[in-house]
Amino acid sequence: MSLLSLRNVTAFYGPAQALFDVSLDVAQGEVVALMGRNGMGKTTTVKAICRMLPARGALTFDGQDLTRLPSHRAARLGIGLVPEGRRCFANLTVTENLIAAARPGPWDMDTVTALFPRLAERRTQTAGTLSGGEQQMVAIGRALMTNPRLLILDEATEGLAPLIRDEIWQAIARIKTETGTAILVIDKSPAELARVADRAVILARGETVWTGAMDALTPEVSARFIGL
Amino acid sequence: DGHGGVKVGMITTLSGGGAGLGIDVRDGFLLAVAQSGRDDIEVVVEDDQRKPDVAVQLADKMIRAEKVDVMTGIIFSNLAMAVVPSATAQGKIYLSPNAGPSALAGRGCHENYFNVAWQNDNLHEAAGAYANTAGYANSFILAPNYPAGQDALTGYKRMFEGDLAGEVFTDLGQTDYAAEIAQIRASGADSVFFFLPGGMGISFLKQYADSGVDIPVVGPAFSFDQGILQAVGEAAVGVVNTSQWSKDLDNPTNAAFVESFQAEYGRLPSLYASQGFDTANLLISALETAGPDDLEAFRAALKAADFDSTRGDFAFGSNQHPIQDIYAREVIVEDGVFTNKVIGLALEDHGDVYAAECRL
Amino acid sequence: MTDPVLRTRGLHKSFGALVATDDVTLDVRAGEIHAVIGPNGAGKSTLIAQICGTLAPDRGTVTLDGEDVTALPARDRARKGLARTFQVSALAMEDTVLQNAVLGALGARGRPWSFLRAATRDRNLRDTAEAALHRVGLIDHAATHAAELSHGQRRQLEVAIALTLAPKVFLMDEPMAGLGADGSKQMTSFLDGLRTEAPILLVEHDMDAVFALADRISVLVSGRVIATGTTAEIRSNRDVRTAYLGEDA
Amino acid sequence: MIRETWLNAATLTLLVAVPAWALVVDEPFTITLATRAVIFAIAAVGLNIALGLGGLVSLGHAAFFGIGGYAMGILAHHAQTYVPLEIGPLTLAGTKSMPVIWLTAMVTSGLAALLIGMLSLRTAGVYFIMITLAFGQMFYFFAISWPAYGGEDGLSIYVRNGFPGLNTLVPIQFYGLCLGVLLLVLGGMFLLARSPFGLALNAARQAPGRVETVGLNGQRVKLVAFVISGVITGLAGALFADLNRFVAPTMFSWQMSGELIIFIILGGTARLFGPVIGACVFVLLEHLLGGLSEFWLVYLGALLLIVVLFARGGIVGLLSGRRAVHD
Amino acid sequence: MSAILIIEQVLNGLQFGVMLFLMAAGLTLIFGVMGLINLAHGSLYMVGAFAAAAVAGVTGSFVLALAAAMGAAAIAGVLVETLVIRRLYRADHLDQVLATFALILIFSEGTRWAFGSFPLFLDTPSWASGPVTLPGGIEYPKYRLMLIGVGLAVAAGLGLLITRTRIGIQIRAGENDREMIAALGVDISRLYTLVFALGAALAGLAGALVGAIQSVQVGMGEPVLILAFVVIVIGGIGSIKGALIGAILVGLTDTLGGIFLPEVFKLFMAPAGATATGSALASMAIYILMGAVLIWRPTGLFGARP
């Protein structure tokens, strides 16, 4: 049984419909890539999952109906979010950002700073003054520290230097193999996604248009839905 | 009888901080009207929210829309200054049940303006006079820094013959008096005079009592009136204050007033209630002889002040402000209620100094 | 070779104990795209901020077209021809795309003290703005409110506003960030054409774009320029590979 | 959009029709009430240039309202007592002419706005709210304790000042004058909001960094807006004093500043007619509820609460069915 | 003026400052930390004072009165938060201003309706009234010393809560980005309700404690409200330390200004004019202080620099 499951989900921004028919599944320990051009509804799907946007349709996590839960209850079921645009708590220090919502588990201050040594150096700096990439590390660390069962990464490597990006991809691969955490990942680099993801889901205009194993993602499909 | 009805416009403070005073004036006034048994006196009451511009608007409404003949009700001097000059200029009679700013008593006096309470300086002057008789020789005096406060200190100094150990203006609305109390303690004064109306006086007295300074205090009645006294509590007991009226003044009108007010409203009347009551009775007495349709005669009837006031003898001076006795009262506890007892006369048949400037 | 259009000399900035910019000397020559790359927190954005004047350096100078502008506030530098785009879009979100572009044109004119005629009816302002929108491909969205634009469109609008200023140098902080694969491609070809108009100082982590566009690359590490050179030189530089690119780049 | 235009037209019609009706049925107080609403509307439209367009939430605009009021009070006082006004070596005669008084009110409140604005614009957000409050309070306490012009008692003027060609003592004529000023101010606001200056001001509110990077001086744009705003509010102050034939320090109080802000929010921030509708509705409520009971302010509070909770974008937002331009 | 009087006045200024902090403490939490403009804070202060006066009148116990003050204000706070404020977190600050202004009207007149127009009686308890003699022969009211103690304890407690505890971190995170902290699994709505209730309870406590030496009347909260905002802004929004220091600065300025400015003016003016001018300036002193601080440091003494 899949950990996260969306069936025919629709969602609106006020009067404007943004999701028309999204279906996707993420199983325990699986990495799923959510792909699509700019503005096709990837972030909106994430918001629907995290209950930041009201949505209709079947949305379950670990068998529980998400549509009835407020945002924090959904998160407490074990969903960890690295949001688009980082959204660090600007006036809090790096440490405070990390521990604000931490829950016990293998990810703690030590393991996160081992992953991003840069954060240990900037521990007492307020997040608002960090460089763009440093903020991105905070956002990832913050989500990890909630020790989620499903980690959602929305453009988590945006603005990161190639070296760090590599490290993040390696970390994702490690998380997948070592902890069995499921991962839903959105990223603009198909090559990187291809290395870590098991399966891919492609959105176009708010609809799921393609689902399949990563190696079934042929250049034709890519060209048609992603523009490559 | 024959002199037709009268329409009275009452603008007074019924909401917000100063509401207690306005409510008492209104209730006293309406009580007298009711007791007179006359159904040809119509009273229109409006709330000025203690805002001068609102009071001005209401006066306009009373005059233009309600077409009243007589106006009354204003509690605060600054509102009176905003309303009275133009109302009297438009030929309306104004009977002041409380405020008596000096500007309206001296050069700014008007034949249509009658003050039925006091000129603002009066109670302070009485306090100064009382301080002399009590043998005080060195007073520390304080009041808020605004016209009424400045008038208060002037009034006290006018009568007080001793020296001043200190003279301080506090902020309007100030709530903490530790600094002033320390100054009093250090000043070597043998008496303290203060004029701090409303909550300011409550704060001052409580803090003064708590400070351990035991120099005797005198002040005008405003901080020791029935309504406010319960909030000051023990701290006020024994303080001498000056007033033209007291619940225990021994005259039949007053006894009847106190009893009927209590019966009607279930509380003891205050100074303001007595002023409202007297104002109405003045009006009623004048209506016996003339109505506002004959302004000349009506003014004369008012000026005669031929009514039984709750404070005993009452007459108007040349500027149509009261000439009356002002008493010294002491705060006591009576059946568990804080109240005042008259202990003597501070000033007899007292008028005001501004009358000389009034060309009426 | 002509004089460089933009040049920094010994720029230095520290935040407490942290040296964010350490004696940075570099220049941008006419017709070139000069890329600045480096690890996160190396000081690239801080450098841009000092060049455009929103952050005062501790010491060092910035020269534009031979003129020392170090003491000038940001807006005067903008008037003299420094146009920047933001790493995070900074647009008047309630205004339309056209109004945002007109604001740029107004900036180029320099005087906002006109109180009566509608700004979008002013021929000159409107022409400049529309020309810029046309070039970035946003002209069809002129009446759309900026808040309703997608991420990529906002980046295009950023560039359009810079275009209305007809600057001497463009300063661009991560223009590809958040763009999808096709969006990046479009942006890359657009910037490629732009360099003939005015040179570009480009900060970017997208190495495909950098290697495709840059005439020269400077590598910043811990606030210090560790190498400057052509694409090929930088690609093969050992230090750069270990500090930034990784071995398999 | 269309509905908002209709709403504005309806408001204008009412502003003409109601006093006209009052004139016919001889209800002069209704005219006075309408005049009060119109003057408040002028002050609030003035504030809205700073607050709505420039995002400068000034809790000290009563300072300008009061300065305008005292400009009228002092000049008329000197005229009515025939004592010339001496400022240092300068000796000026008082005046009872509205145009002169208006000019004085606008110049003095403009100068005050320039000074206050220069100092206050160093701050932003809540700090700006509070520093403008501080300046307002300084004027308030000064006026209370300054004995020359009546201190807390204020200053009464016996006869309303004159305007060439009008008998201002006739309520409808004075009303017409005030309405004329309001229309002028609204027209100015309409043009200003669309002008290059308005564009820059609007952008300076939304994205201050952006304005600087296109080479414009956003702070100066805001300062000019603040001064224009102060000038208009000052003019309204002079009219208000003339309406009451009276000025008092309460015109400087923070409650006054607060009320101006309330008018704007109640009507709809950054809407052309928001402050007008807000002021009219507030004055009307005050009048209608005032007679209901001693505790009428409770009803007023409840009504205001309902508006904020259920009508985002104020009354204009509610009635025109469009959400607030900014949130 | 004797040295001992000067020392005593400085002490009065400090004391007044701590009292101001006590009055501002709840607001520091609600406005300073949570970033909510709550004009009705003064009403919560008033609710506390009235509840205390009512309970003290019936039971005669000051401690019970304090408990009642905190309880009543906290309940009022929870009601206000859940019924009104909660809908306005996302809204413009200006909507909060209008809504809480409306609440002031409702609270004030509602209280007047329930308790009448005259001030109520609330006095210091007998065990804390009267003066004590401090070293140096200064006589000082016992109750005020107690107020200083409570004020400092509240300051320390709040400081720890906000900077040291996870709840404090979460509150501040919520002020930055409510949606995000919720998406990380923190029940920010409940947390905010609790914090709001705590802020309200502190306001109620201050109302009762300070009400005992001032007057308990309708409208007592409004001057306090303005003062409390001044204090927080001078200190820098969000900083507890700043609020305490701001309060003490305001206390000293107000007390010493009132005493010394008239004296200073007497040096070169006629006494009557000097007293009037000095007093006039003294009443403006705290606003001049706030203006000067903000011109010098646009985000207050300890506020976050932009």
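Letters A, B, C, D and E mark the chains as written, and numbering starts fresh at 1 in each.
Please note the rule applied: a contact is a pair of C-beta atoms (placed from the backbone, for glycine too) under 8 Å apart; a residue touches a chain by one contact, two chains touch by 3 or more.
Remember, predicted model here, so these are calculated numbers, not experimental data.
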Neighbouring chains shared between chain A and chain E, ordered by label: none
Farthest-lying chain, centroid of Cα atoms versus that of chain C: B
Furthest chain, CA centroid comparison against chain D: A
Of B-D and D-E, pair with higher C-beta contact tally: D-E
Centroid spacing, where centroids are CA-atom means, of chain A and chain D in whole angstrom: 51
Chain centre separation in whole Å, for chain C relative to chain B (CA means): 74
Averaged-CA centre spacing for the pair chain E and chain B, given as whole angstrom: 34
Computed distance of Cα centres, chain D from chain C, in Å: 44
Junction residues of chain C - those touching two or more other chains: none
Where chain B touches two or more other chains at once, by residue number: 15-16, 19, 23, 145, 150, 169, 171-172
Residues of chain D engaged with two or more neighbouring chains: 141, 144-145, 147, 295-297, 326
Interchain contacts, given as pairs of chains that touch: A-C, A-E, B-D, B-E, C-D, D-E
Touching residues (chain side chain E, partner chain A) in the complex: 166, 169-170, 172-173, 175-177, 179-189, 238, 304
Sites on chain A touched by chain E in the complex: 50-52, 70-73, 75-76, 80-81, 83, 87, 89-92, 96-97, 99-101, 103, 126, 142-143, 146
Residues on chain B engaged by chain D in the complex (per definition of touch): 14-16, 19, 23, 46-47, 51-53, 56-57, 60-61, 64-65, 77-78, 81-82, 85-86, 89, 101, 103, 145-148, 150, 169, 171-172
Chain E-touching residues of chain B, taken from the complex the two chains share: 15-17, 19-20, 23, 145, 150, 167-173, 175-176, 178-180, 182-183, 185-186, 198-200, 202-203, 206-207, 210-212, 227-228, 230-235
Residues of chain E defined as touching chain B within the complex: 2, 4-5, 8-9, 12-13, 15-16, 19, 108-109, 112, 116-121, 123-124, 129-131, 139, 141, 143-144, 210, 212-220, 223, 255-256, 258-259, 262, 275-276, 279-280, 282-283
